[in-house]
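In the two assemblies presented below, chain A is common to both, partnered first by chain B and then by chain C.
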Partner chain A sequence: MKIEQYKLLEKSLLKDFINSLIPIANVYAPVSKGFNNYVFQNIKSADEVSIKYIPTIIPPKKFFLPKKENILQFFIEDELKVEPVTEYENLIIFGVHTCDIAGIKCLNMVLSDKPKDTAYLIRKKHVTIIGIECNDYCDEYASCSFVGAHMPTTGYDLMFTELSEYFIVHIHSSKGMDIIEKTDIFKDASIAQLEELKILRNNKMKIFNNEIPTERRYLPDLFDRSFNANVWKELEQKCLSCGNCTAVCPTCYCFDIKEEVDLTLKAGERYRVWFSCQLDPFAKVAGGHDFRKERSARQRHRFYRKFRYHIDRYGMVFCTGCGRCSRTCMAKINLKEVLTSLIRESEAKIWRKWL
Partner chain B sequence: MSKPKVAFFDFACCEGCQLQVANIGEPLIDLLDIVQVVEFREVMSEKWDGEFDVSFIEGSITDEHAVERIKKIRERSKILVALGSCATIGGVNGMKNSFPLEEVGKYVYGESYKFFPTLQTKAVHQVVPVDYFINGCPIYQPEFITVLKCILQGIPYYVPEYPVCVECKLNENVCMYDRGLTCMGPVTKAGCNSWCINNGNICYGCRGLTINPNTEGFKEVLKKYNIPEDFLIKKIEMYNKCKELD
Partner chain C sequence: MAKVVIKDSPYNLKKAKILDVKTLTEKEKLFKLVFEDKTWLDFEPGQFIMVSLMGIGEIPVSICSSPLNRHYFEICVRAVGKVTNSLHKLKAGDIIGVRGPYGNGFPIKSLEGHDLLIIAGGLGIAPLRSLILYSIDNRRDFGEIHILFGCKTPGELLFEDEIEEWSKRLDIHFACTVDRADPDWKGNVGLITSLIPGVDIDPLRTYAAVVGPPVMYKFVIKELLAKGLPVDQILLSFERHMKCGMGKCGRCQIQNLYCCKDGPVFTFKEIMDMAEAL
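Then we have the complex of A and B:
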């Protein structure tokens, strides 16, 4: 902890700080929609913002991978003209939790892998991320400690942590520094506040306990043993294939490509839209063959995409523990419970072998 | 090249879907640049006695006269489009099929029901071949335009094979079940961009059941919310009764 990387903000000045961002760029922050639902929304005043919130309906991935994104314009007058399109805006996302920052890090990993997603990488450069640290669990669905996303590490420009009297702000990039320097409401941090921050983080270790009865490093083994587990068969009955779990997942990035012409029928655009492995047409190919016809196979695929395949390819777990999939599931398919059942079933199998 | 000749016809329906077309607003000007409307009883008095390039059919087929008439329109049309729930899936008219025809006739016409012979309600494709389907009660205007563009390009239009929840979640609506309401979104065909829910209403399931719906799983979900099972059956039958005749 280098003291010059930290600044202090009086708690009463937080709204002033948010308001100071609004002239700089489009500011998006968590806004309450009622019924304990929140959305990252464009704000015009700090009064709209919910500082304390549970994860939003859709994570901030929507700013990096828009739900609908034009990628090509074409004109079919005498000859075909095609132009690639990259859409981006300068924006600041305020109030991002560490789980969602972990999600963006996962997306960065995949989309900067070959073939690089240029539009994504351009857009990313124009986004400033201001985080807010969670000092306690948002609710019972979170499993951020299991995946190690409950502590701020990297992936943000500024990180706000609430101490007893101040917000302590970690400056993690020059973009973050520029924002701090635009106002004069920040004070220098002193050793005392850094100490308080250390104590707070130590305390968090007690509050945030591993939510799953195993450790991350055992995941590959667990999943290698579980491809034919009964747990998946039970999901066949439950899952409605509504695709909510993947839509709200910070690390799901699958998309479909479509085209639409305008009413002249002579010009149009090619765009991509979010798509989901949970939906019927996803794995359907020519001739009507479907690689994952059963809902159980689709759910299994989702879990392997979070906890197995990406460990091999990127050395990362692709779950951020945000709990959105469980919170949103109509059929109450709960990620923590599914993992726990998998562990139980796998343990029972191992014991049977021994006895 | 002359503009494709387009016509609109209505059968058993409320004509609300045609009203949606007439009420489409600004895009109508551009639409009329690329098609020629030759017959559309709701908005014009002219008739056409030649061939139609595209015929839009609103309404379901409920008696012998309608059967004869739709067959003739089919013969005169290069492309036939089912417009709205009544035409695509039978719609609310399908509820008639839950009762004996005699009982239905007597309920409406009393003892003179014999002068008004009637048939079980059918969706248009259950009588003549249909080339394009535009679901909804009423239709969703942007989807109408999309389908029309597909027709004019000579390419198929695929109705999304997933439930309304997919579009609703992307629109970041608060789930109706979180509000304590029962919504048909989880088992209803998408394509409407969750129009009703965006405007604070529940989904009535007007576009019909999605392909391969997990109705058993949905019953379990309803149990968790203490919603009786026959409530779901009634909700499904409101729009999907004609499916039995497929």
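Then we have the complex of A and C:
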């Protein structure tokens, strides 16, 4: 902790700070929609913002990998002309929780892997992330400490943490520094506040205790031995294959590529659009053969993509513990419960190896 | 929202001109293509390209010509869907979009110095034709070459002229079979698996390359293992509906492997314990 990287903001001045962002760029922040639902939405005033919120319906991945995104425009009048395109805007996302920052880091990993997704990287360059640290669980669905996403580490420009009297702000990039320097409402932090932050973080370790009865490092082993577990077969009966879990997941990025011609039949656009491994046509090939026909196989695929496959490929767990999939599931499939029963079922096999 | 043109987008297309269209059977046509900017497609046998018909769609297609041919490249397309049916309506001179090549082809360097057993079922001959033509062009780099080809009926036999030529060559062992014969058919009748026990190979110095419909693999592999082929010398090329070709869209994922990036050619050893692969 370097004291120069920290600034203080009086709690009463938070709204002034948010309002100071609005002239700089399009500001998106969590806005309440009633019934405990929140949405990252373009705001015109700080009064709209909910500082305390449970994870929004759709995570901030929508700014990085929009639901529908043009990738190519073409003209077919006399001669075929093709132009790869992308759209971006300068935007500031205010109030991102650490779980969603972890989600963005996962997307960065995938889309900057070779061959690089240029459109994504351009868009990412124009986004400023201002985080807010959670001092307590949002609700019972969260499992952020299990995946290690409950503490701010990297991936943001500014991080706000609420102390007893102030917000302490961690400046983590030059983009963040520029924003701080634009206003004069920030004060320098002193040793006392840094101490308070340390105590708060230590306290958090006690509040956020492991939600799932195993450790993260045992995940590869657990999943290697559970491919044919009964847990998956039970999901066959429950899952409705609606694809909600993947739509709201901050690390689900699978997409389909489609295209449309405009009414003149002379030009059109090719776009990519979110798709889901839970839906029927996802793993089908030309002859009609479906490589993941059963819903249990699709659910299993989702869990393995979160907790196993990407550990090999990118060295990261692709679950951020935000709990959105469990909150949104119509059939009440709960990620924490599935993992717990998976551990219960495979315990015998795994303990033998660990001992 | 600001809109920018990104020239280095991985989704950018190269324009390719159709030099010639040849009708092979009722359902399959062979397209001879060349890039408009006179560059050539640098690929390995077994790799695939993404073919675009603007306004209709984009599909993955394997390249079926020899990589040593610098004048043009060829794709063999069966009319099954929206894009392929539209492709069949095109004539010489028409322009299509192409990006690629993508994926890992057949590991030529490991194949050199070994015997080849090439097993094709139906349209599976397309990616294998690239390998066959390559091995004929570099005939001295390979030992014995066996080609087994099977399809449903004699009417569905692809590349008939070339097959005739291969079967006459003294340095290639060629056998062909159909599931159901017609009165004019003089060759073998039966599934492709019925040909395998008869081939005379030294299993330890042979690489098998198998491409065919999903249902074929299980039975062919069983026969090859019975022949004594090591699991890492059985090469399989898989079909999935790739959308991006770059290991991102997730459509072609087989457990932790992406068919487009890690495949489409896999050794049996890599996928033998994987559900969802075959």
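What we mean here is this: the second predicted complex is superposed on the first by the 347 of 355 C-alpha atoms of A that agree within 3 Å, B and C clash if a C-alpha of one lies under 4 Å from a C-alpha of the other, contacts with A are read in each partner's own complex, and residues count from 1 in each chain.
What we mean here is this: a contact is a pair of C-beta atoms (placed from the backbone, for glycine too) under 8 Å apart; a residue touches a chain by one contact, two chains touch by 3 or more.
Because the structure is a prediction, the values reported are computed rather than measured.
Engineer: Taking chain A as the common reference, can chain B and chain C both be placed on it without clashing, or not? Answer clash or fit.
Structural biologist: fit
Engineer: According to the stated criteria, A:N37 is in contact with first (chain B), second (chain C), both, or neither; which is it?
Structural biologist: first
Engineer: Return first, second, both or neither, reflecting whether A:L80 touches chain B, chain C, both chains, or no partner chain.
Structural biologist: The second partner, chain C, only.
Engineer: Now for A:N244: first (chain B), second (chain C), both, or neither, which partner does it touch?
Structural biologist: After superposing on A, A:N244 lies in contact with chain B but is clear of chain C.
Engineer: Quick one: is A:L111 in contact with chain B, with chain C, with both, or with neither? Answer first, second, both or neither.
Structural biologist: second
Engineer: Is A:K332 touching anything from chain B or chain C once the two structures are fitted on A? First, second, both or neither.
Structural biologist: A:K332 contacts chain B only, not chain C.
Engineer: Centred on chain A, what angle do chain B and chain C make, from Cα centres, as a multiple of 10°?
Structural biologist: Taking the centre of chain A as apex, the angle works out to 70 degrees.
Engineer: Determine, under the contact definition given at the top, whether A:V261 touches first (chain B), second (chain C), both, or neither.
Structural biologist: Both chain B and chain C are touched by A:V261.
Engineer: With the two structures laid over each other on chain A, which partner does A:L279 touch: chain B (first), chain C (second), both, or neither?
Structural biologist: Touch status of A:L279: first partner only.
Engineer: Using only C-alpha atoms, work out how near chain B sits to chain C after the chain A superposition, in angstrom.
Structural biologist: 6
Engineer: Output the chain A positions appearing in both contact lists, the one against chain B and the one against chain C.
Structural biologist: 261, 265.
Engineer: If you look only at chain B, which of its residues touch chain A in the complex?
Structural biologist: That would be residues 27, 30-31, 33-34, 145-146, 149, 152-153, 160-163, 165-166, 169-170, 172-175, 177-179, 185-187, 210-214, 216-218, 220-221, 224 of chain B.
Engineer: Give the list of chain A residues in touch with chain C in this complex.
Structural biologist: Going by the criterion above, the answer is residues 71-72, 74, 76, 79-80, 82-89, 110-111, 113, 115-119, 122, 227, 253-259, 261, 265, 268, 270, 272, 275, 277, 282-287, 289, 291-292, 297, 301, 304-305, 308-309, 312-313.
Engineer: In the complex, go through chain C and note every residue touching chain A.
Structural biologist: 1-13, 15, 52, 54-58, 80-81, 95, 97, 213-215, 239-241, 243-244, 246-251, 253-256, 275-276
Engineer: With touch defined as at the start, can you tell me which chain A residues reach chain B in the complex?
Structural biologist: 33-37, 39, 56-58, 67, 237-244, 247-248, 260-261, 263-265, 274, 276, 279-281, 295, 328, 330-332
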